[in-house]
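We call the chains A, B, C, D and E, going by the order they appear; numbering starts again at 1 in every chain.
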Amino acid sequence: MQEELIRRAKELLGDGTVVRVMGWRKGDLSFNPEPALFETEESLAEFVYDGFCGANLSKYMIKLSKLEGKTLVFLKPCDTYSFNQLVKEHRVDREKAYIIGVGCDGSLDVDAMKEKGAKGIQEITEDGDTVTVRAIYGDKTFDREDVILERCRACKGGAHMVYDELASNADEEKPARDGRFSLVEKIEVMDPKERFAFWQNELSRCIRCNACRNVCPACSCIKCVFDNDRYDTAQKANADTFEEQMFHIIRAFHVAGRCTDCGECSRVCPEHIPLHLLNRKFIKDINTFYGDYQAGADTDSRAPLTNFTTEDVEPSIVQERG
Amino acid sequence: MQRIGVFVCHCGTNIAGTVDVKRVVEAVKKEPGVVYAEDYQYMCSEAGQQKIADAVKNEHLTGIVICSCSPRMHEGTFRKAAEKAGLNPYLVEIANIREQCSWIHKDMEEGTEKAVILARAAIAKVMLNAPLQPGESRVVKRALVIGGGIAGIQTALDIADAGYEVDIVEKTPSIGGRMSQLDKTFPTLDCSSCILTPKMGEVNAHEKINIYTYSEVEKVSGFVGDFSVDIRKKARYVDMDKCTGCGLCQEKCPSRKTPNEFNRGLNTRPAIYTPFAQAVPNVPVIDTEACIKFKTGKCGVCSKVCAAGAIDYTQKDEIITREYGAIVVATGFDTINLDKFDEYYYNQSKDVITALELERLMNAAGPTGGNVVRLSNGEHPKNIVFIQCVGSRDVTCRGKSYCSKICCMYTAKQAMLLKDHYPDVDVHVFYIDVRTPGKNFDEFYRRAVEEYDVDYIKGQVGKVSEAENGRLLVQGVDLIDNRQIKMEADLVVLATAIEPNKDVRKIATMLTASIDNNNFLTEAHPKLRPVESPTAGIFLSGVCQGPKDIPETVAQAGAAAIKVVGLLAKDKLVTNPCTAQSNPLFCNGCSACEKVCPYGAISYEEQQVMDGGVRENRRVAVVNSALCQGCGACTVACPSGAMDLKGFSNRQILAEVDAICR
Amino acid sequence: MSIEAKNENKEFKPLIVAFCCNWCSYAGADLAGSSRLAYPADVKIIRVPCSCRVNPLFILRAFQKGADGVILCGCHPGDCHYSTGNYYARRRMTLLFSMLDYLGVENGRTRVEWVSAAEGVKFSQTMNEFVEKIYSLGENVRLEDLRCKKN
Amino acid sequence: MSADAKLAQQIREISGVDTRKCMKCGRCSASCPAYNEMDIRPHQFVSYVQNGNVEALMNSKSIWKCLSCFACVERCPRDVKPAKVIEAVRLSVIRQRGENFLSPDEIPALLDDETPQQLLASAYRKYRK
Amino acid sequence: MTYSYFPGCTLKNKAKDLDFYARACAKALGFQLEEIPEWQCCGAVYPLASDEIATKLSSVRALKDAKAKGQDLVTVCSACHHVIKRVNDDMANVEEIRTKVNNYMSDEEPYNGETKVLHYLEVLRDVVGFDAIKEKVVNPLKGRKIGAYYGCMLLRPSVTMQFDDPENPSIIEDFIRAIGAEPVVYPMRNECCGGYISLKDKPMAANMVDQIMDSAAWKGAQELITACPLCMYNLRNNGTKEGLPVTYFTELLAEALGIKEEVQA
């Protein structure tokens, strides 16, 4: 697959369709490829596409669409929702992107492998549904299904929402999976004290590294409200703890109705906080209260929070449903 | 460095009675930024305002806080005082320690503590206030009057006589309204159409007045001085220019079974009709639901008989968009539905009628040619019972909590006229109170009793039913004689409560004019601004604002007109400076703000932005401050905080929250 | 147990922030005042031009700074002075309240009520009810504790 | 508070009726089917309680004539519920004075073959506690 | 559809007809009445005073039983219906009464007026439908002129009872039409018959009964039907003259459905 993508990238660079390529490059370990920009055919030797290329490249297109010429970008099915959402918000220029939709069998989660006993990982190879780990303290073989990210278990399906061409592994027919809200529901049925304890346990670990904010394609403000001293919310300007304490709730609210549920926030969190469960709660509520809505499925529908009907539910529904 | 002055008003004992104003002064003096504080008997008085002016000069104040009544009361007064003293009027904040503190708390300790906190919040806010400059907007020299009854007619005439263009939009095929349905008017008993018809003619002929009948307001945008209104001119299917008003089409129309609205359904009318003989314009309309041609495609009699060739079955509704500087609502009233009052037998018997129906029966142009008869058998009634307050002063879900105001007088009028025309009838009136405030009103009512022998019974009716001889059986009570009455009657007349026209809610929503629980439009101030809506540029005329009789309606119509003239006479209006503004440095250009703006005040443009030394072209939001009304919806839609509202900025509101939660 | 029994907690003095839109609810509060319809002094009103001006952030800030309840009052749906502001406020608050509930911040501490300028009685009643509710809930779970584990 | 005022207050509490809401229109008395059997009439009950004259009501035969048919409640435009006031006075008489309009001894003589249980139950409830 | 059924004391005794016919007709019309076990008398009079708690308990017990089964509660007797419906309304809307009753009963799960209370006639109108009844009628009561006697308790106070227009009801007339007879509307059909005072004050009751009978007869009614055992007793026994015959509506329903003999047997 990887070879096919490299060959196609070289062709597009060669015939001048694009002037640069946004993709993934080998990292220092076999399981941490990183997003990278390739400007020459030679540099593409470092290009990689495997189960660890979970990173969503759409956000990079904000900056890249400001540059001269087209950029080739590889988007997995779920990444295309983010791209569309950015088009809707006028943040990326559709005309500046050449999109190759690549297929995805679910992104691998190295932490899951570690949890399942792989210690001192040296190399990981994929072969269909099997993932083999060569490690210092004993090799391991896993079913792919057991070591993919949580977000992929609730995959939105194989279809690309936007593309110029599809790679041969793209499977537009691949069905969506169920159970997207099962974890949210688990939290919902707790009593309030349990819920508070659950979130306290999670959120207290946050080290405010901003990785979630930086990776999130919806969190793409030129200047974050928390860095905006005109708002009196930025901790730096106002010596209190508001930002520190409210960051995640406000972040979730700001992306409500815009978050495509790509799951990058949770993937990059060094403290493994399930941040996407905040966003999914909003998605679930929006679907329940205002009808099903999938951010990024199109580029022209009105987002739920900039829309209304005169018959909307009253906020008291929150108390009434108990 | 901010220098804030705080002024605490006693408002006589209104505030000082429950708030220890001296302690408030001492407490606020300790607040950072406050350099001056004092209390005074009446801050809004000349002397109080002078104190503000002195302090601004002597203490070089950069902002002031007045702890007093609601800002809705005197914010304007204090802003003007500050301006006179050389301080930008928007550097004034009010802490509402009367309506929201002293008047609702009884305990001095509690009241004082809360007053201090409210003062602190205002101080925290004023520290962040910025001087604001109001902008200017244009005034379109044309007024719109919605409703063509006596209220709308009078308002339009008065505005037009002052030299301004006026359009009247009337929903029905003719102007005239309720007054055209009345027979005689109290307390002078002159004929209603005799005094109304000349006014209708005057409106029709006035070169400054343009009438859209059979038309409705469909959409309103804009703001005071500069409204844009879409008017739907419904298809009449009769060419207004060609029609001569001969009436032949109405005579020949074979579809004659539609209840006649003008006669309150007491008889029927043809499918092509003018509501009444003196209609203005005297051009009929075709009711497509009744018209055989429209229903089956066959007929066309009207077209055949029309010598002028005015019938045009292909006419379509037309949308006219016009600009106005002011809008007057004069949508009038209707009587309430009596379905929930079956004890009065109204829906069961033809001989139980509303007072408005009786007007039509008494009118020479009415369905019985002015003969008052029992509709069940055509006989003259011998015994007539009037029941007052049917649905009025009724706080249950059946009725209206208010007094309909006109019923006492029209009942006296109708009773008197009946006795006058038919000296042999007995007339009884069951009443709770007889309310006759007004010039020559009580004298009028007493004439009914003393000269015409109308029997006024203090008490009410419990039930009207059928008597064995086919008459009506009225069971009531006489509270003075302490006796239950069972009386046979031939005709029962119900003084049915009135309510605002059903369309008023829709219209008020379009105009963003506030409306009360009874669907009456709210005035800007119940005493001091009775003909203005709180929404600038919207004025109220007639019963849409509250029950009133004809003289009062005409007086209010004139008052509304002079307010409109006062507005239209201005060349420019000063606009509210508390508008939104977007900081291009923070703006993502995402369009969220534009989507929630009700005024279309936000647009986007490519701007060159210098950010951290880098020059960049960005798509950024721009607010048109002439259109922006300052609601703030955009500020919340904006994730980055680029959009903010002057006068109610994020920092200001957060400062208030912090001060209260300290 | 007495059949008259009801929970009462006299010690606790709640702090309640009420955001009121300038056109309807603030005027409704004024009417409550001029009609002398009492409600507890625990309620402090902040005037905003429209319910749609209230950023969820303001509400979170109030809770973070120690408020025990926050209520937002605006014009009735359909009656917004700015036509549509309260419809947006309604969606925003519905989602915010649901999220707070999800985080285990007891629901019932937040409320939205539509109060017209003519509803002085409703304003006063609403505030009385809300204060009573907050009394029955007692002191708030401190939102800031979400970030610091206490054991 | 005088004894009369206290009694009136008690009637207001038992009935749950705010007598101040009455606007003296008389629609209750106009509707009452037992009006002619009563010495003090439904609208007067409301007024008497408002004026603190409960004693007269307690001695009135009207309290045994009210049929609890709710015609007065149904048609009252002010939601005053005169039937509840009358019931409260009746209950006060029964509770405070132990007075019975119906004594158990006289019941057998009043019965016939068809007297439904409902009538007995209601008679007991209406006339004594 | 199965309903919780509250027959009430009179239906177990003097008004057995009303009960038997109601059950048999329900079966014929395709719904079940499941008698609430160990029901207690509703008290026959709705406790009007706001401080009466104990007298509301039997109604609440019945309501709770229906709630536990997830069934609507059906009554035939007008008085039981009146009492139970109003108590239910108190439990739903009057906090003081709800608190006191729940404290008194001290059950785990408080009752807050969740049960829907229906009169048998409402089931016929809203669930079965009069049109459906018409189709099942095998023995239409052709030519019979029947006056509906509503009385007070089904209709008033209408805010709570929500049964029909209190001043101009039509449900029983529609019922009469459904069973093939001709309804006769007369002015006194929703006036009180004086049932409550009929034990102690026969002359007053007599006067009221006479007025009703006269009114119905004048309008051409040949017989009356009612849903209330007390009205039935009073109308039948306490007038001064030979009045019209009075029957329970369920009896005529059974007759029209052709199951009357079966029930009598």
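Keep this in mind: a residue touches a chain if its C-beta (ideal position, glycine included) is under 8 Å from a C-beta of that chain, and two chains touch if they have at least 3 such contacts.
Values in this document were obtained by computation on a predicted structure and should not be read as measured data.
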Original post:
How many steps does it take, at the fewest, to get from chain A to chain B if each step moves to a chain that touches the one before?
Top reply: 1
Original post:
Among the chains, which is located farthest from chain A on the basis of C-alpha centroids?
Top reply: D
Original post:
Is the number of contacting C-beta pairs greater for B-E or for B-C?
Top reply: B-C
Subject >> Where chain B and chain D are represented by their mean Cα positions, the distance between them in whole Å >> reply: 45
Original post:
How big is the gap, in whole Å, between where the Cα atoms of chain D centre and where those of chain E centre?
Top reply: 24
Subject >> chain A, residues touching no fewer than two other chains >> reply: 225, 233, 305-307
**OP:** Can you tell me which residues of chain B touch two or more of the remaining chains?
**Re:** 343, 396, 463, 596, 637, 650, 654
Subject >> Two or more partner chains touched - positions in chain D >> reply: 71
**OP:** Show which residues of chain B lie in contact with chain E when the two form their complex.
**Re:** 339-343, 347-348, 396-397, 463, 465-466, 468, 473
**OP:** Can you check the complex and tell me which residues of chain C touch chain A?
**Re:** 56-57, 60-61, 64, 77-78, 84, 87-88, 90-99, 101-108, 110-112, 141, 143-150
**OP:** Please give the residue numbers of chain B that touch chain D in the complex, ascending.
**Re:** 343, 389, 393-396, 398-399, 432, 458-463, 475-477, 479, 482, 484
Original post:
What does chain A use to touch chain B in their complex?
Top reply: 66, 89-91, 220-225, 228, 230-233, 254-255, 302-303, 305-307
Subject >> Of chain E, residues touching chain B in the complex >> reply: 159, 165-168, 187-188, 218
